[in-house]
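To keep things simple, chains are lettered A, B, C, D and E as they appear, and every chain counts its residues starting from 1.
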């Protein structure tokens, strides 16, 4: 029954036009998520690669990223809203903070997990540090790196719902509104949309992974570790 | 800063903070404890019947895509608990944490060296006994890593429950927001971090206590 | 006694790991299964304690079909030692060794006392018992593995490449240890290896398997070296089988002759042996007066292989013979060894 | 030429891995570093291409102190092969081999052509070039590793236990391959192993290290077996050194005599050799008329070790000698081998 | 603490504890504390559960016995129980409410204090001639309000005043997002509440509602009949009498602007009103 209501809500033409329509909300949701994941990647990938490559600061990195994980997104978003006087920046920062740890973990573990013998061989045959990073370590780290990005995306998509609390028209809107008036149709409909969006993005990233991960690594029988990161939204 | 001092100067507020903190603790840790048990059982099943592996891991990934806010509120509609019942949050977090832990458990069990399990079998261990006394203890280090992540994540997630009025430190965020009052929000964030840190330290201590052999290896 | 009767194992994927195996392992002996990788040695071994059940045929332990026994019960009476020792990393050495007695229902105290005895038996100091396996060297781990398998005093012992993970020197020590233990305990041991030297060294009988899980030859080691059943076995036992088979030729009839030592007066222009105060050989004094290192030493009473090598490695051509304490007993020449071999053949 | 002058390496934790090493590796030879685990072989090797820098002392390659060269440049001119081959899993075999030429600035086309040549040189079929490392067997991976190290035609090749991860049969094949390649390419090779047999087999000179990173002896293999510098080396080269040193004694002077074959008439009461239509030995006809398997075969021209074993393993006491095609050339007796050894000593 | 509620509904009745609930805005929280304080004077065991979502949630919680009493508003409550309701004046509304309240629940006497929805605009907009809802015109402005506003009032405002909006934005229920939307111009009209401290603080102008679109919203305790005894009901009536709109606005300001605690403000009120 509640799923029937959700269906009805999803199919209601009124929900598909105007400034509060599903497409707009999907768009806004997506925009924040992509912005956050890209922003987080811009910070976390270089950092993870650097620490993994040099082996310096690993302990600090792990500790720091654990602390980031403990930061409650709702608290961060409301805090930043009040400080910045608006929701957008706060939400973006909150989501970036959420996305950094899994990407960092993926990049760092990816480099760390590269077979020592392989790195040794690269050094031994005369590669400079940069050549080694770009030609050997990075390609071999891609499976875990892409895994980190996928984790980050899943979490960010789920958590961007919270942004509606500070007035941003994401897919969290129907969740919060539905909740206020206990309109389960709207509420579950919104939840289904968020979940769907997450699944679609995950599949897209999986396909991207197929494209960028070298074939020689995909062939290897070794089961790939894709540590699941915590969710915070 | 002055605000924080002022905010904390009220005894009633401090009492309220304390009770929120306690709420937060059990709202986040109870699901963790239940999840560990559930995940171990599920993990065992997956480990025994490898064909289930893909299914369970896939399912846990799907569970992971549901926004927590949605799960907090759908649960009463589905299972008929009271709307404000904290069981909803506990259940939702249990579902997430179990989804989070199943995989490390399976991986940890699979990572127990085949020669060790073979040796146990050959010595005459029956399957259950082997699981409880050999495979499970050996998977503790990996399991503990998963539990640490789960505890941090739960502690930070419970806050979202404030949006539907389930208590915990998240209430400080909604209250502070409505009043445009940074002090409670800042205190909420700090307490959440501190709680996560303390629980993490406790978990590390617990792990070290039950895995003396791991330290022997490092020494 | 362990008996394989027409035993075949075909795995689900169609691999035939063991094919029509007929073989009797006599009680109280060490039988070695040897053969190239993948020839079914492990599979055969594991059918004895039902880690694997045969597709067809019967495995009997002491006359009883193993399929009629509940596996955990069966295994309590069969010790099992494997390559990486398979020790429980989360238990102390002592608790590892006490495992089977505890499983069999012994009291904790009794099991621990027994475990301590066994550590001593396999030559490990008692204080090692409190350590965890990671704190031991590879060779020590293997000893613990053996102790653990012996803990409930099982009549049968299965050992699957138990020593292949340790380096050659330690390995030889472990082999000696096993032979010494066996002399004392008199178990029925099946020992798997892919190293023909090891097989020949410790086996009373050796079963050579070929690819496809077929038994190629089952014979005492001397016979294996002297009369390999076919080219596969001949190839497998290796190029040096003539020399190696001398391990099974005893030295009766090889006369140990006296030798001049360097501390005796005179004798210039001849090779003389340098010995210390205890008459332990130190090298040779060459006819030109220089001192050169000696060759390998032959302990009197051993097989002629040692005598021949001592002679071949000696700069003087005279193999140095010592007694059990390492003191000079005399010398032999390579020619004497050949004479003995010749006389045996004739 | 590679020269170690008083080279010592002390790690940060205080471990002294190499202690005052003085050693010259002649250009165009294979020098083998051998010794027990942890004795500093790898550390010594890695100081040549500056994977590790010495704490004191100097390493010279072709007369130039390696510390004066930028490490990546230095390494481009030194091939390096390690145990698990260290192939790049994300690149095809061909691209793996082409890595160093590309790094040195060759065009892609030229690098690939060169890589294809090298695959052929190390005996791999061309179509393997398109595969990824995971799709190769261990032995094939090692060959690719060697090809990759040879790609830029470096004068110096460092090999760190390159064959120890593959099984004994494949390993022997790889050793033969290496010797064949070296005959053709004439590199300066430093080869690390902890297997004395391997060392003796492929080394023109062998450096034996002892614990603590000290050089115990540096000599050609024959001398190592005949005159180990001390008890440590004697123990390390093993018990059979007398026999094994016969690998370095050539058979000039051992007369190959004719033998009666079973297809010739008459000769009852004597051992006669059974041969097939191509005159390949098949076994012996005993004096009593029965046929028994033969012993090992000695290929004429080889060292006397093979001749002695052929004689010792033969049921008739006559070692069968064959030519390069495996056809009967005659027989030798063990006594003849001893005579030759005797005459050399005298 | 909420721990006690875990095991379910009957415990509350058995232990005789009264749970006072409140919606998730300041005024309602103050009222809840006031109710709780008052009930305590009768010797009842009382706890407060604040920050619950909208009315729909609250009523549901009353019915499933998670809550005993909540401070409510006559008009909105009536509209909730009777979707077809057209009455808007205080007495009419109260009378109808008493009638429509479902069995098991009841409302006590209403207070003179009132906290109505009100549409507000900035001073500039007001100066441009917008004084009443009727002046909002057709498709001229963007309105900001809580999520459910559109559903409840969009039709009504068109019907009564012929007013439509360019867009109805979801902000929040009279919270910072709504106020900020008006301040930064992303909405020109927003829905606030008459006791809101933000109106005075920002010089916002309340639009008149000549056709009484928004019903009267007198404060009234809504309770489950078996949750509160006669003594309790009497003291709640006293509370209602003592409250006025101005007093309420003052209480709200003390919390939202002066950052006093809800509990202290409520206690103060009870003291000055001499309840207990």
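Annotations for the structure displayed:
We take it that a contact is a pair of C-beta atoms (placed from the backbone, for glycine too) under 8 Å apart; a residue touches a chain by one contact, two chains touch by 3 or more.
Quick caveat: nothing in here was measured; it's all calculated off a predicted structure.
Take away chain D in thought and the touching chains that remain still make one piece.
Shared contact partners of chain C and chain E, listed by label: B. By the document's definition of touch, common neighbours of chain B and chain E comprise A.
Of all chains, the one whose Cα centroid sits at the greatest distance from that of chain C is E.
More C-beta pairs in contact connect the chains of A-D than those of the other pair, out of A-D and A-E.
Here the CA centre of chain A is 39 Å from the CA centre of chain E.
The geometric centre of chain B is 53 Å away from that of chain C, both derived from CA atoms. Averaging C-alpha coordinates per chain places the centre of chain A 20 Å away from that of chain B.
Put simply, the C-alpha centre of chain A and that of chain C have 59 angstrom between them. Multi-chain contact residues of chain D (touching two or more other chains): none found. In chain B, the positions touching at least two other chains are 83, 162, 164, 174, 177, 180-181.
Shared contact sites, meaning residues of chain E that touch two or more other chains, fall at 53, 57, 60, 176. Interface note: chains touch in the pairs A-B, A-D, A-E, B-C, B-E, C-D. Contact residues of chain A toward chain B in the complex are 2, 66-67, 69-76, 78-79, 81-83, 154, 157-159, 161-162, 165-166, 172, 175-176, 179, 182, 184, 187-188, 190-191, 194-195, 198-199, 202, 225, 227-233.
Contact residues of chain D toward chain A in the complex are 49, 51, 71-77, 79-80, 82-92, 99-100, 103-104, 132-135, 145, 148-149, 158. Looking at the complex, you find that chain B touches chain E at residues 3, 6-7, 10, 12-13, 16, 19, 22-23, 26, 82-87, 162, 164-167, 171, 174-175, 177-181, 183.
By the touch rule above, chain E contacts chain A in their complex via residues 53-54, 56-57, 60, 146-148, 151, 167-173, 176-177, 180-181, 184. On the side of chain B, the complex with chain A involves touching residues 60-62, 64-71, 73-74, 77-78, 83, 96, 100, 103-104, 107, 149-150, 152-153, 155-157, 159-160, 162-164, 169-170, 172-174, 176-177, 180-182, 185-186, 188-189, 192-193, 196-197, 200.
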